[in-house]
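One chain, chain A, links the two complexes that follow: it is found with chain B in the first and with chain C in the second.
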Partner chain A sequence: MKPFFKPKAYFRPGSLGKAVELLSNFGDRAKVLAGGTDLLVQKPSGAECLIDIADLGLEYIKEHENGVEIGAATTVRSIGVSGSLSSEPYLVLRDAACALGTPTIRNMATIGGNICNASPAADLPLALMVLGASLTIMGPAGKREVNIGEFFENIGGKNIQADELLLSINIPASRGRCGTSFQKLRHHQTSIDIAIVNVAARMTCEKQACVKASIALGAVAPTPIYARKAEALLGKKRPNAAIIQEAASAASEEVNPIDDVRGSKWYRKKMAAVLVRRALEESSRRCGIWPE
Partner chain B sequence: MKNEFSVVGKSVPRIDAYDKVTGRARYCRDLKLEGMLHAKLLRSPYPHARVKALDVSRAKSHPAVKAIATIEEVPKVVGYWWNLRTEKGMKKMFMQDNVVRFVGDPVLGVAAEDEDSAEEALSMILVQYEQLPPVFDPVESMKDQTIKIHERGNIAFHVLKEYGDIEKGFREADFVIENRFVTSKQKHATIEPIGSCIADYSPSGKLSVYSSTQLPHWSRMYLAGALGLPSSNVRIIKPYTGGAFGGRCGLIHGLELMCCHLSKKAGRPVKMSFTRKEDFEATEGRHPFLVELRTGFTKEGILTANSIKIVMDVGAYATHYIGVIADALSTGVGLYRIPHVKFEGYCVYTNKSLNGAFRGYGNPQMNFAQESQMDIVAEKLGMDPIELRLKNYRGAGEIDPVFNEKILSCGLKECLFQGAEKIRWKKKSRRSSRRGKIRKGVGMSCLMHGTGARFGLPDPASAIVLINADGSVSLETAAADDGQGNKTGLVQIAAEELGIDWRKISVSDTDTDTTPLDGGTHGSRQTYCGGIAVRKAAAQAKKSVLVFASKHLNTPQNRLDIREGVIYDTKRPSLNISLADLMRKIQIEDLSLCEQIIGAATGVAPSMPPTYGAHFAEVEVDTETGGVRVLRLVGAFDVGKAINPAHIEGQIAGGEVMGIGYALTEGLVIENGKVMNSNFADYRIPRSCDIPRIDAVIVESHEPTGPFGAKGIGEATMIGTASAIANAIYDAVGVRMKELPITQEKILVALQSFNPP
Partner chain C sequence: MARVNIKIKVNGKLQELGVEAHETLLDTLRERLGLLAAKYGCGDGECGACTVLVEGNATLSCLTLAAHVDGKDIETIEGLEQGSHLHPLQESFVEQGAIQCGYCTPGMIMSAKALLDKDADPSEEKVRRAISNNLCRCTGYEKPVKAILEAARRMRGEK
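For the complex of A and B:
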């Protein structure tokens, strides 16, 4: 591995049109540079040029009546400290942002990068999945919307073309009372490691009952996944310890982790259950329906 | 006594602080010489193979390539400075063949105008390998008669020592317990990756090597021996070094000798710097140990017998191995007063990257087994673990059976008392209520570690003190500073002895052309061994000063002393002259003298005094995930005398942190000979955010043979951390972790079989 990454060209377009034009011209040979915390470490050999999106005005968090819109170049730190995200249902996103990497990484890394790098262990996509977020992507033919749940394909694969650029993430406002949670178990027992299992959960409640639950898990399959069977077990009931445990066990049956240097399949499955349980307990606590 | 010192015992700032903080310090990787070439290694993809044929023709025709040197030309170093003692030993020190013995073993080196070209040339080389069957497990390797990693078999060394009558010891015991412990291959993880040098082989026959070695003088002799040069023709220059911890305790496999050969061929200086990945995959690590202990003890808590059996994984080549097993012996037999001990050790080759010197040198492995075993004994007896240690440790005045030497200073009891007090042991230990998902526990361990290598290896130290005409002092020593600050400590020792301001003393660069013989910076020895030499040289210089002063002041020499740079009559202090004035007079002013004051000392230290210490840990275990958080550490160490307390505190903090890694996260994962975690994401050392409060307790027992009473500290600080943490985990959740590193997954497995759901 070369000590330094030496692409031949670097562009910093000032408009979206110019950015998309550059992407169309270079195709696979170009890489989008945002915070660089993944790209500059990976140093992909095929990347001849870098297209820096710093000047495209994509760094913002906008509240509106239908929810929140976040620019793709918004840093993870900004999300972690944003006042717009300091109440439900957005706490899951804030907590995921605060659990990602280190303070120095969070200062550089962006939400768009965390999505587009498409790591199965990424933190923010899980939160966005339970929030039902959609992505606005721009290409030569204009803009399109894609649901975050349909974005990830296989390992590292994603529903975005080489000539397209992720512009923003749109999170719909919540209808009803919500409680969310983000849980992460790190590779080593150290504060900043990559997840060996991470979980986001959200409950929507009416009175004392959970009317809808959403659970997403990372690092336990080739892509981030929803635990649909576990979600179904929670519907329309007041959650109690037995129901939550049942859902947690169901979730651990839905995952398909690998054995690797970071953890065994056995351990990951076990931990999926523990983390889902903790996420559901915290979600229901934040909903005001826990403990029973 | 303490108050009499002017600078010893004070935390003066580091003499290298300014250069390091401002970025002026230049490390080997920063250096550039005129006309310098850059080298890269072609490394074996196989764990065991014979190189049948090498086609370098295409690489040779690369316009930027200036030299190629292959495995058939460049010898491998398989020994250490023990071998230097005899001609026969020297011959055994180097081996040359065409076999590669681990994934990453160098096959050849290419020197080119730049690193990229060197790398490009590597891809143009064709190697025909004949793959040989590999063996990775040391126990298998010991038994296997079909796979021979080295000609003389796979057991590099076997030791069997008996003290007393082991069977009698077991008969005298009320209880006998047996346990098996396993330790990991830890890497030094120095801030500057291991493996960087420049060799400049002049056609005139003079060879200069810039290398961040811990052993400038031994390295000079190794290279002279390997290349057939007189030692005087080889010059080792050691620039600033970004940490060593034993990782630079010799020539680096595939580095210096390769650069020398390439430089000789090309007639130009050649630089090579390993990447972090190369450091992880192909330089030495800590020997993994398999330790089987059988311990007998009475119901009163008196140890009667200990049988220790060790299988040590040497890796593909043996450099430091006899010394490492000897240190395990020293601590395994020496720390406790056990009348009947049997120690058996096997050093075994495997087809994995080599292992060598590493802070503690065999002791952390042995300590983990022994101190876990002590905790098990205490548990069995229902005795406080501290009380068990107090009943059995070997103290001052007793004879160390391994070295057959009397222990002159031992502050272990004070370490135990003060450490226990700091962590509030009485309040926290043996908590009866282990409830809840998150449980806390405390644990402790003891240790001893000899200072230097006096009883095992050649261990010289030397110093020259030159007093300049303005009263300033130049100290010449090869006591290499790897970043721990020993040069500052030596300045304090010289200043104290001479009676001058420490700021008036400058220490030479570490350069074998200008500094006398030194045994290197290892074995926690430089404050002690280097300090003894510096103090002697300073005393000699001072004596010469007083001879002149006596004439000048016309007063008897025995009434004179030096304080704050002024030579004065102790009976009549008004009769005095400043050192600067006197020096100017005798060196420059008086045309009949023109004499510089030179003090010189060389030789071996009188002893190898053990440093004693106790570690205390408080942890929190998540019983659902197995995750451990270290909440607090206390390290209490008997250093004889703290020359510079801030340095000692720094060593304690650093050692404890390294010990957390050894306990919980660190260890190379090697699958079929391939290192699976050769980066800091997967090989995890503790980060600043993982480090708990660490209290340093300094105990001063005053070692009579040491300079101002000092003995070593560097290695001791990490030796018992893992043991204390493992014992704290037991205290918290009741599972005995016998294999390092203690990962969260291993704890969970243990918890589930201990407490089935």
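For the complex of A and C:
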């Protein structure tokens, strides 16, 4: 263990009120512990106390008429095997969960941790972005809702304060027929390594046309991003190979990746186009409008 | 430094311990309980040498705080042997020669046990996925995969 990670105190609050009170008292000096698969790797030296959210009742997947609500401490494995997420539009989230890390990591890692760690390469946020999910966050002044698309700011930055806690993720039910897809490229497709590029897509269809498309990409910008130009190219048309290729090329022009140990900027741009194409093909297949 | 009092069941035996706030389950097992099978490898969750079962699920004990598993049931490879009889997974690892240096073996067997406890007849692909968080740097994966499938057959009572 790295010697500088030595929090002096461990708290396991039994109520949300107590948890927020602890966060308010300690501020930046407190770290929220959920699955630990990011926190115990990063071992931040400034963490003076740990606040474990295991006893807050935040581990659940609830279906209701307006969609699905997922507790922040729900494990990635539970999401991957949940019957509530085994039909559209939720397949993108299930598939992203099954692509995250390894089975052992998935037993431990939580959806809230995957969001709040705010990695530009995180898997679940992309799925939640195309699903139009919102986050319920609690602080000393009460609860607030924030759209997942407005949560990420710069690298690792996020729209949540030190005295706030993510409680749940709310996914609205879909109106109309939907097809979704999650695609992830990594050095070895079953390895623990994070994405070189990852993509989530969703198409909403009426009759044989795509009426709305949503595309989100990861590991190609300082935050997860939407490919708005590519989305616009798909509207109101029946997708075919040419349209999908055009959208994929447009998406690869919208990204701004870096060179790093996992891949070069050039390679990431090329792969962004490939993954967007595959994601759109699978989305339209799952929508029942591909191939023509 | 404040201690955290925890009660955990390790291989069926209740343990009441005072642990440090930052103490990992791996350190508790090794340093306090003298259970040396789970190993420290990478410390980052990549190698799986520290894998133990928490409530039956394969868990990386180097990334798990001891305080976090208060009240939970922990299983390590030391708990697999029944009297003088090895567990079928241990037997078949020995017979298949699925061990070389042995550093990854306890973690790999515990990952395999988590799988076989839930799925008595897994496909080879499922076996490979179940041990995908266990790195072996000497003998590779062919023999461990064979050994796990063989153990599954034995546990089903097939010859």
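By our rule, the second predicted complex is superposed on the first by the 282 of 292 C-alpha atoms of A that agree within 3 Å, B and C clash if a C-alpha of one lies under 4 Å from a C-alpha of the other, contacts with A are read in each partner's own complex, and residues count from 1 in each chain.
Criterion: contacts are C-beta pairs under 8 Å (C-beta built on N, C-alpha and C of every residue); 3 or more make two chains touch, one makes a residue touch a chain.
All figures in this text were calculated on a predicted structure; none of them were measured in a lab.
In the superposition on chain A, contact of A:Ile225 is made with neither chain B nor chain C. Once the two complexes are overlaid on the shared chain, A:Ile192 sits against chain B and chain C alike.
Of the two partners chain B and chain C, more residues of chain A are touched by C. When the two complexes are overlaid on their common chain A, residue A:Thr102 makes contact with chain B and with chain C alike. Of the two partner chains placed around the shared chain by superposition, neither chain B nor chain C is touched by A:Leu58.
Of the two partner chains placed by the overlay, only chain B lies in contact with A:Met271; chain C stays clear of it. Of the two partner chains, neither chain B nor chain C is touched by A:Leu233.
When the two structures are aligned on the shared chain, A:Ile79 is found in touch with neither chain B nor chain C.
Contacts of A:Ala19 after superposition: neither chain B nor chain C is touched. Legend: residue contacts after superposition of the two complexes on their common chain; A:Pro7 is shown touching chain C, with no touch to chain B.
In the superposition on chain A, the residues of chain A contacted by chain B and by chain C overlap at 1-2, 102, 190-192. Looking at the complex, you find that chain C touches chain A at residues 1-2, 4, 21-22, 24, 27, 43-46, 48, 51, 57-60, 62-65, 67-68, 70, 111, 128-130, 132-133.
Note for the complex: chain B touches chain A at residues 115-116, 119, 275, 277, 624-625, 627-629, 664-665, 669, 676-677, 681-682, 684, 686-687, 689-690, 743-745, 748. Residues 1-2, 5-10, 12, 33, 36-37, 40-41, 49-50, 52, 54, 77, 101-105, 107-108, 190-192 of chain A are the ones that touch chain C when the two sit in their complex.
Put simply, chain A touches chain B in their complex at residues 1-3, 102, 185, 187-194, 261-264, 267, 270-271, 274.
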